[in-house]
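Once you scroll down, you'll see the structures, which are given as structure tokens.
The following pair of complexes shares a single chain, subunit A, combined with subunit B in the former and subunit C in the latter.
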Partner chain A sequence: MKVVQIAGFLGSGKTTAIIALSRSLAEKGKKVAIIVNEIGDVPVDAKVVSEYGLKVRDIGGGCICCELLVSLAYTLEELARSYSPDYVLIEPSGVSIPSSVKDGIGLAKGLNVEKGPVIVLFDGERGQEQLSDEDLGKFIKRQIAGADIVTINKIDAIEDGAARSHEGLIRTINPNAKILRISAKNGLGLEELVKLII
Partner chain B sequence: MPHEDRGEVPHEEEHISISGYGSTFLLRFSRPFSPEEIKVLVADFIKTVEASLMKRSAKGIGHIKLYIKGRSGYIRADTIGSKYGLYMDGTISELEGSVQMTINTIAIHTTKEDVFIATREGLEDVAKRYGFIVEDLKS
Partner chain C sequence: MQDRMTPAERLAAVLMGQKPDRVPVNPFILGFAAKIVNLPIGDLYADPRKSFRAQLLCAEMYGYDATPMYAYASFGAWEFGGEVGMPYEPGQSAPYIIRHPVESPEDVDKLEVPDPRKAGSIPIAMEIAKLCYENKMPVVFQAGEVLTTAANIAEPARLLRWMIRAPDVVHKLNKKVAEFFIAVAEYFTSTFGADKCMAFTGGPVESNKLINPRQFGEFVFPYMKQIHSKVLGMGVHVILEHPCSDQNANLPYYVQLRKELGWNGKYIWAFGPETPLEKQIECFGEHDIIMGNVDPPSFQFKSFEDVLALCKDNIERGIKNPSGYILGVGCELPPLAPPINVYALMKAAREYGRYQ
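Take a look at the complex of A and B:
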């Protein structure tokens, strides 16, 4: 069971990306389950994901990188027992720290878990504006620093110059991450991302 | 750190002042609404909540997300701020007498109280404008 995080700040496109990735993996014959974590008490994203016929578990009312770390481990164990997925895609809340979510994955006992890449979505439209906010900026940099792959999302909505500027900025934060440009909405760049997950 | 019932969960390690409120409601229309009318109502509601949050000195919208379920399908809508537009899609295809609406409002640099009030007042304003009754299904 390979576990992959699709992290990123609020509104960066995680749910859209996770739906597109899950469908692509399913088309390749892989069994996929999704864990969705939301800050609020009600799981809007999980309801949306389930409309696509995808197997989903929601963990709400907190963040799986801290107070709900153990819930994440239990959910992984339950999915392994009941569904035996090839891949589990985790959508943490928009304010989660990817490295801490990785710790939660490690708490799941007795599972043959392969930790897949940590993917962090960077909002192509708002990312630079968010980075210039003192508090948000520090937080988002921390998310980016914890990534194996940073995907600049919403590439369909921005100019090439803006995308290049984002890449430069991301490289200063995380020189080792692979950087991709994608549009989760219309599928641009997704196949390359799927190849990095498989 | 303790979890608050109103939907805000203070993040343990960071001070980024994100507050959220979410709940599910049943909207009973005074007459059957078409899919187009439901979409107009949804757009108006989101705009109203955002305006109310900004009036209450929120620094910005984190994310406002809605999921509406009717007999004939669903509508999903979300915004990261009106500057970036509103995304909407879904499959509702027939007149609906009532729908279930789940909303999560997340705002930046504002209080959980303000997010709660902006969302609830926004819903009441829109209910008056479009003529429907709101019932709490989960709070």
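Take a look at the complex of A and C:
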């Protein structure tokens, strides 16, 4: 069971990306489960769930400081027992820090868990503006710093020069991260991302 | 070892600055109580009678000193017109938000301060409060925190963005939230009498994992002071303040709050495990009670012996507070913790928490 975290600030396209990735993995014959913070945030409709056999678990409600980590660990254990997914995609809240979510994954006991990559979505349209702000920028930098893969999303809506500028900026924050350009909305770059996950 | 006081006597002693037979224990148990009496956790938040009974039986079974209450971290969304779900599914530990009532600055303008008698979970909290009152227990009502509640209303990431891009919108929302909490306090104190009530306040969005101390000073402190001042003015004598998660950088503001309120009333400080007890004693020890802050996930994932050792360490450090100490957990006790680990709290209090 490979656990992949898909983080990013509000508006970065996490929901669209997680649904597109789930579909793509399901089409390759993989069993996929999704864990979300607040089920209302991910409009995975019944048709998609039945068509692709996805399992969706919500761990919302608890206090974000500690209860969510415990709930996350429990939910991973429960999913492993009841569903045995090949992949678990976790969409933490927009204000989660990847390292905290990693702690929650680490709390799951007795599981054959393979820690997959931490993917952070960078908003191609508004990311630089958000980064330039002192307070918000610090927060988003912490997310990027904790990423294995940073995907510049909404690539269809920006110029090549802007994308290159984003890449340069991301490299200064996390020189080790793999950087991809994607459009979760129309599928651009998603296959490459799926290959990195698999 | 036998207890020589009842939970009520023990708590009263600590509140009056006297030494009880042993340190009291408040394990911050909500969802765990449902598990102990074989209820779904959802019932603990949706059915006041079942909730009261579960909390009461759990406290009696272990012998800890907390009384039933009603509070949850996602408070605010339902009360201001949004929608929450009750935690009936595996892995869910508390009510969760399905729809935030605010999505835009215009929504904030249109937002009305709800009538507490009808707002969201308040009727459930009131039913539990009535049962507490009938059983001669303190009535606990939720009185904050403002920013966590505002985040539950508007969605945390959106609120963080507004704090930077549109601070006026956040202030507008916070004012309405503060007005609501004051109305809730008036509702409870006028129903039961202020001397029977205790205010509970706390939330994770105020933590320094999400905001810096400057933002705390601008977006939290003035509203917290307003609410606390009003609540103390109504005659409520005890405020249980839970600065959730890492709030070390906000500590100077909490000290400032107490100073500006003239150290009135009695505060019970329930910081997260990130804040050393020694630091809390230095800040508040002359006047206030410190509640212990044993690491919550340890109750779920560590052995009985390890949890017992953590509780012992907490007692040995916290018992030095001159104004009183309660053995506690740094946030809600994980609902699915092994029952034996909760017994570790009681064993530690009885073996290491005796007063001479």
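Assume the second predicted complex is superposed on the first by the 176 of 198 C-alpha atoms of A that agree within 3 Å, B and C clash if a C-alpha of one lies under 4 Å from a C-alpha of the other, contacts with A are read in each partner's own complex, and residues count from 1 in each chain.
Here is the rule we go by: a contact is a pair of C-beta atoms (placed from the backbone, for glycine too) under 8 Å apart; a residue touches a chain by one contact, two chains touch by 3 or more.
Everything numeric here is computed off the predicted structure, so don't read it as measured data.
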item: Touched partner set for A:125, first subunit B, second subunit C, both or neither; value: first
item: Which superposed partner A:187 touches (first subunit B, second subunit C, both, neither); value: neither
item: Partner chain in contact with A:10 - subunit B first, subunit C second, else both or neither; value: both
item: Partner chain(s) touched by A:97 [first = subunit B, second = subunit C, both, neither]; value: both
item: Which superposed partner A:78 touches (first subunit B, second subunit C, both, neither); value: second
item: First (subunit B), second (subunit C), both or neither touched by A:168; value: neither
item: Subunit B versus subunit C as contact partner of A:136, first or second or both or neither; value: both
item: Intersection of the subunit A residues that touch subunit B with those that touch subunit C; value: 10-11, 38-40, 61-63, 66-67, 94-95, 97, 100, 133, 135-136, 138-139
item: Parts of subunit A lying in touch with subunit B, wherever the complex brings them together; value: 10-11, 38-45, 47-48, 51, 61-63, 66-67, 94-95, 97, 100, 123, 125-126, 133, 135-136, 138-139, 142
item: Interface residues, subunit A side, partner subunit C - complex; value: 9-11, 38-40, 57-67, 69-75, 78, 93-95, 97, 100, 107, 109, 130, 133, 135-136, 138-139
item: Interfacial residue positions of subunit B with respect to subunit A in the complex; value: 1, 3, 7-9, 11-18, 20-24, 59, 61-63, 65-67, 69, 74, 76, 78, 80-81, 84, 91, 102-106, 108-109, 138
item: Subunit C residues touching subunit A - in the complex, by the definition given at the top; value: 72-74, 83-85, 87, 89-100, 155-158, 160-161, 163-165, 204-205, 207, 209-212, 215, 244-246, 272, 296-297, 300-301, 330-332, 334, 336
